Amino acid sequence: GRVSVFAAASLRGALEDIIAGYDGQVTLSFGGSGTMARQIAAGAPADVVVLASPLWMEWLASQGIIDRNAAVAVAANRLVLIGPATAPPMQDLSQLMDRLKTGRLAMGHRDAVPAGGYARQALETAGLWRAVQNHLAETDNVRAALAMVARGQTPLGIVYATDAQAEPRVKVLLDLPPEGHDPILYPAAAVTPAGLPFLHHLAGPDAAALFAAHGFQPVVP
Amino acid sequence: MTLEVHIDHRFDGFALDLSFAAGAGITALFGRSGAGKTTVINAVAGLLKPQGGRIVLGGETLFDSASRRFVPPAARRLGYVFQDARLFPHLSVSENLTFGARYAPAGAKGAGFDDVVALLGLEALLSRAPGTLSGGEKQRVALGRALLSKPKMLLMDEPLASLDGPRKQEILPYLERLRDGPLGLPILYVSHAVDEIARLANTLVLLKDGKVQQAGPLYDVMANPAAVPLLGVREAGAVLEAEVLAHDPDGLSRLKISAGVLALPGVQAPVGAKVRLRVLAQDVMLSLRPPEGLSALNVLRVTIEGIHPGDGPGAAIALRAGGDTILARITARAVTELGLVPGMSCYAILKATSVAPGNIGR
Amino acid sequence: MTLEVHIDHRFDGFALDLSFAAGAGITALFGRSGAGKTTVINAVAGLLKPQGGRIVLGGETLFDSASRRFVPPAARRLGYVFQDARLFPHLSVSENLTFGARYAPAGAKGAGFDDVVALLGLEALLSRAPGTLSGGEKQRVALGRALLSKPKMLLMDEPLASLDGPRKQEILPYLERLRDGPLGLPILYVSHAVDEIARLANTLVLLKDGKVQQAGPLYDVMANPAAVPLLGVREAGAVLEAEVLAHDPDGLSRLKISAGVLALPGVQAPVGAKVRLRVLAQDVMLSLRPPEGLSALNVLRVTIEGIHPGDGPGAAIALRAGGDTILARITARAVTELGLVPGMSCYAILKATSVAPGNIGR
Amino acid sequence: MSADAAAWEALRLSLWVACWATLLAVPFALAVAWVLARRDFWGKGLLSAVVHLPLVLPPVVTGYMLLIAFGRTAPLGRALESIGITLAFHWSGAVLAAIIMGFPLMVRAMRLAIEAVDPKLEEAAATLGASDLSIFGRVTLPLIAPGILAGAVMGFAKAMGEFGATITFVANIPGQTQTLPSAIWAALQIPGGESQALGMVVMASVAALGAVLISEALARRVAARIAGT
Amino acid sequence: MSADAAAWEALRLSLWVACWATLLAVPFALAVAWVLARRDFWGKGLLSAVVHLPLVLPPVVTGYMLLIAFGRTAPLGRALESIGITLAFHWSGAVLAAIIMGFPLMVRAMRLAIEAVDPKLEEAAATLGASDLSIFGRVTLPLIAPGILAGAVMGFAKAMGEFGATITFVANIPGQTQTLPSAIWAALQIPGGESQALGMVVMASVAALGAVLISEALARRVAARIAGT
């Protein structure tokens, strides 16, 4: 029958393409990672779950809902520093404070939004966290941070590369070094045995190509 | 069906503390503005729960503070005509009129819709909304609504105050028919118009500042000199029962009262009928001798029963005339000059008006 | 200050189409329930914008449909006593009373607060909320509120309907003083009580179904047989001006009217004073010969001016008595039997009542 | 399913959920409003505060509480499921969320309307023999019809717009629980989704406009009836 | 800053924002309510629908719209900034978001109250010489005080609970725009954050209870004044 997939909303474009090429019937439901994890714990009719944060996958495993070892990362992502389309590119993060001037740095919420957590790690690694902490504009999702930059509300923002590529009003000023934060992985797991075939497909090469087409990074094992 | 009322209730700055009993027929509550008439009616209707007292209607205890009995208004089946009309604004006139009909018990008798509508001249208004009615029209609908709820008793708080004279003259006989007809509907009636009361009431309760000043059969209370200040000096006066003896060719009618025969113009009742005569106290003159130069027809030999000084320069004199008492109001000076004392006999010259032609309460 | 009113307005099922002019003093609007009285007053007050017409007060055009002029109610400064009291529920009685005072122009003259409060007996109520007042108390506050707004004119829609007799007797002279005193306040006055009108009004406008049936000086309209059905047969009757000649020791007073001298009981006015006499049509009898066996004092020789058959079995007869016209109402059969025709002379036997002792309108 | 079809499906579901929520909530809201307007009792303020709570708490919290209470694994949810009522991850759960979120708005409108009814009219009905229930049905209810309508419109609008509690309680399953707001939110989460979101915003706005216009017309008619013109 | 201190700071800010939002919104809501209740004009239904819009749209959308209208680069935002009013990342922006989100609730309560005022009383005031403004101030306003209070409570409660539009418009800046709902939401997004969230939910509930109790007491006093007891 139909396979129900609960997935992080930022994967939507890629997942829609992936199910188009899958020969089973799939229903995609999108939500925030924390919300979905809780729902699945409360008995949500999901066969497969794809989250934007390993933290919540870990939580699901700790609840005994999925098998920790059966979870696979299906895609990866990168963080980028963005600015208005007219801004000059940046060499490294050290210029961050100069570029911000009195403005703020838009990013996902440092604790609540996975992208915000990675951005925080990156800034901490760069030794900028203390300085920038009071110049943040934290949003409830990355897309809102992107919109802040796109609307000129903030001069800079840190978002996923996948988000930045489709917004003409912003420009990637700097790719943040991936070693500065935990790997950005999208873990997937089957909640029910019925989800296994699709999970398999998701971890397969066809899906990987489509993830790549949407700007996601390949998963380095 | 008798109504027995004892109320003890206190508002901030106003205390009602009274008892009265009303027999069959129409009981009028009379008193100045703020005397407590509406409060009494509200208590009878069950809209006010007095702090103390007891209200019994026809053997059924509607309220008793001692036994904590309180029959809710809906179960009392009293048709209340409010001082303010209180029509239901969302219902048409005819829906207002028929509002209460469905709650009457199956066998209840009451006025017919068409009769009431015709009596009150509501034919053209039936589909109208209350908001567009004139003041008098509203009051008529409110009257009709209460009549058509087939009540056990009617409570009427100045039901005719904003109606024109001709309409009143149509409604008054109807109320008399309700009272006297097969329904024998008792009515508790508030009015400021002494002529209405003189015409309608069987029992009269005079209220002042929340207390009963006088209460009893209409004839007795109206003939009591103590009632004069309450009724107002221009309105006070005895009401007598008379029988029409004859209509003379000169336009005068002869009427028999217990003390003799009076000649009055404009009596519109057949020979043999009983009518009420209203003899205003201010229209009665006293003379120690039989008066000369005046037609002697309306001169009665009377005995002074009591002299009641008023607030102003006047005094009210109760006069025994046959089986009746009539009232005269003359100046205190005249009392002294004529040397009037109780027990004295003298002559009363009356100017009487007949009320309620062709009708007389039991 | 004269008021000129032309109104042409149509409600669903009711059309008002009338013109009248009111001079100084009190202009009474009289008519049955639903005749259009409140509608007229609302138009004068500016609460209703008639579809057509013109209203001019003392030279100022308040409304003119032709020139599209409409003075808003607030700028008209007319003290309106509503048929329903319309007190402001959130304000105390004294705040209600003084509500309008601040809007009067600096120099405006008007009644004083203490006078009005005393007149209306509101002393004990000043701090009360309107919601707790009795019906008559509300009406008195509404009256006071309009008086204290220092208006250019008063509009009163049955202002005394729910007041007791004694209170009315206190307020009526006050209204006369407002009218006659230094304020010379004109009043447009709606009432169903013919006795109030007979006492107060200078001009009388009779309305029926939205049209003016009769309008003019009170004496003329009241003496017009055509007015009888409108006023009601029990209430219709001429109002005459009389001068008190003497008070006789037997209690009767002699009053001079243009046609002769009448003897009446109970006249409370000093010798020389002018009083209004109300002669109810139903209290006038006609005789072809001087009547015998009756005191001749109140018999006047009169000439028949006109005979006006009524709706029922009665007919109204206008009688020329000296400079005045008085009305008699007798049965149509009597008209035939006596062979009454206009121009004939005969004798009228009157039973008159004096109204408004000590007061007489201009 | 194409994006367009999904949007229409979301609109249909939103309307469906909003209609049910409004229909089901009106009697409860009316009862609570009546109690708050016409009865004095200990704890009245508390009841009023509880009714206001969904307004004060972030919708996620309400949704989370619903999930805890009515989730498939929760005792209440299980009990309901055993009698055939599934709320969690079902459109009926979206109805419940919409009812709860709209409740304060509905209660307030109805309460204000009830408080505006002159008790003297209800007294008059009682003297005519009407029982409390009859009085409510024949006098109070028609007089507060405009207030009920206003409350219903508020409830409907809120139900159309409810997102946080709904997505937290019943997730975002297309055709089942994906209402217009959830779909709009989802569209906003991916690059280039703005134009699709805009289309759905227009849809929602038009639906709201329609509901408001209908309610205004109805209210006008009801008011005219009472004014008698 | 400890989690606890942050929570108290969020509560303080929420109260501050809610108070300002309520104070500022009341006059506007009153004006709109009056127009909707007492004037008939072309486009009235449209105005009413626009007022309802924030109810119908998911809060994110309203937040985006605010960003578009009042953002730093938007003309309106620039104009405000030039007169010294900064909305971006400032608590005043949160106030604006709360005003907009609470507006439909406030307007509806006040409108119902105005519609319940008998125009005959206003007419009576006019015949006593009061100008339209005086009539409003001395008759209408005191009579609708309970409705204004009700609207204010609704607005206050909504402002206390507003989250979606606020975070989208002015982000989540501790001490400036991190209101209690934002903090609660953030806590719920972290595995194991429930207990911290619960503490803040209790805070919000107590604040709401307080506001509702105060408003109920005030309403009782106002009503008693009008009933004269």
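Letters A, B, C, D and E mark the chains as written, and numbering starts fresh at 1 in each.
Quick note on the criterion: a residue touches a chain if its C-beta (ideal position, glycine included) is under 8 Å from a C-beta of that chain, and two chains touch if they have at least 3 such contacts.
A quick note: this is a predicted structure, and the numbers were derived from the prediction, not measured.
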{"item": "Those chains which touch chain D and also touch chain A", "value": "E"}
{"item": "Rotation, 0 to 180 degrees and nearest 5, that superposes chain B on copy chain C via CA atoms", "value": "180"}
{"item": "Distance-maximising chain from chain C - centres being C-alpha averages", "value": "A"}
{"item": "Length of the line joining the C-alpha centres of chain B and chain E, rounded to whole Å", "value": "59"}
{"item": "Centre-to-centre distance between chain E and chain C (centres being mean Cα positions), rounded to whole Å", "value": "57"}
{"item": "Whole-Å separation of chain centres (CA-atom averages), chain B against chain C", "value": "26"}
{"item": "Sites on chain E at which at least two other chains make contact", "value": "60, 64, 164, 182, 185, 188"}
{"item": "For chain C, residues contacting two or more additional chains", "value": "84, 128, 132"}
{"item": "Multi-chain contact residues (two or more partners), chain A", "value": "none"}
{"item": "Pairs of chains in contact (touch as defined earlier), listed by label", "value": "A-D, A-E, B-C, B-D, C-E, D-E"}
{"item": "Partner chain D, residues of chain B touching it in the complex", "value": "45-47, 72-74, 76-80, 82, 84, 86, 88-91, 99-100, 103-104, 128-132, 145-146, 149, 155"}
{"item": "List of chain D residues in touch with chain E within their complex", "value": "44-46, 48-49, 52-61, 64, 104-105, 108-109, 111-113, 115-116, 146-147, 150, 153-154, 157-158, 160-161, 163-164, 181-182, 184-185, 188, 197, 201, 204-205, 207-209, 212-213, 216-217, 223"}
{"item": "In the complex with chain A, residue positions of chain D that touch it", "value": "60, 64, 67-68, 71-74, 77, 88-89, 167-168, 171-175, 177-178, 185-186, 188-193"}
{"item": "In the complex with chain E, residue positions of chain A that touch it", "value": "32-34, 37, 55-56, 58-59, 104, 106, 109, 111-113, 136-140, 144, 147-148, 151-153"}
{"item": "Contacting residues of chain C [partner chain B, same complex]", "value": "11-13, 31-34, 37-38, 83-84, 124, 128, 132, 134-137, 139-140, 157-158, 161-167, 169, 192, 194, 231-232, 234-235, 250-252, 265-266, 282-283, 285, 287, 291, 293-295, 330, 349, 351"}
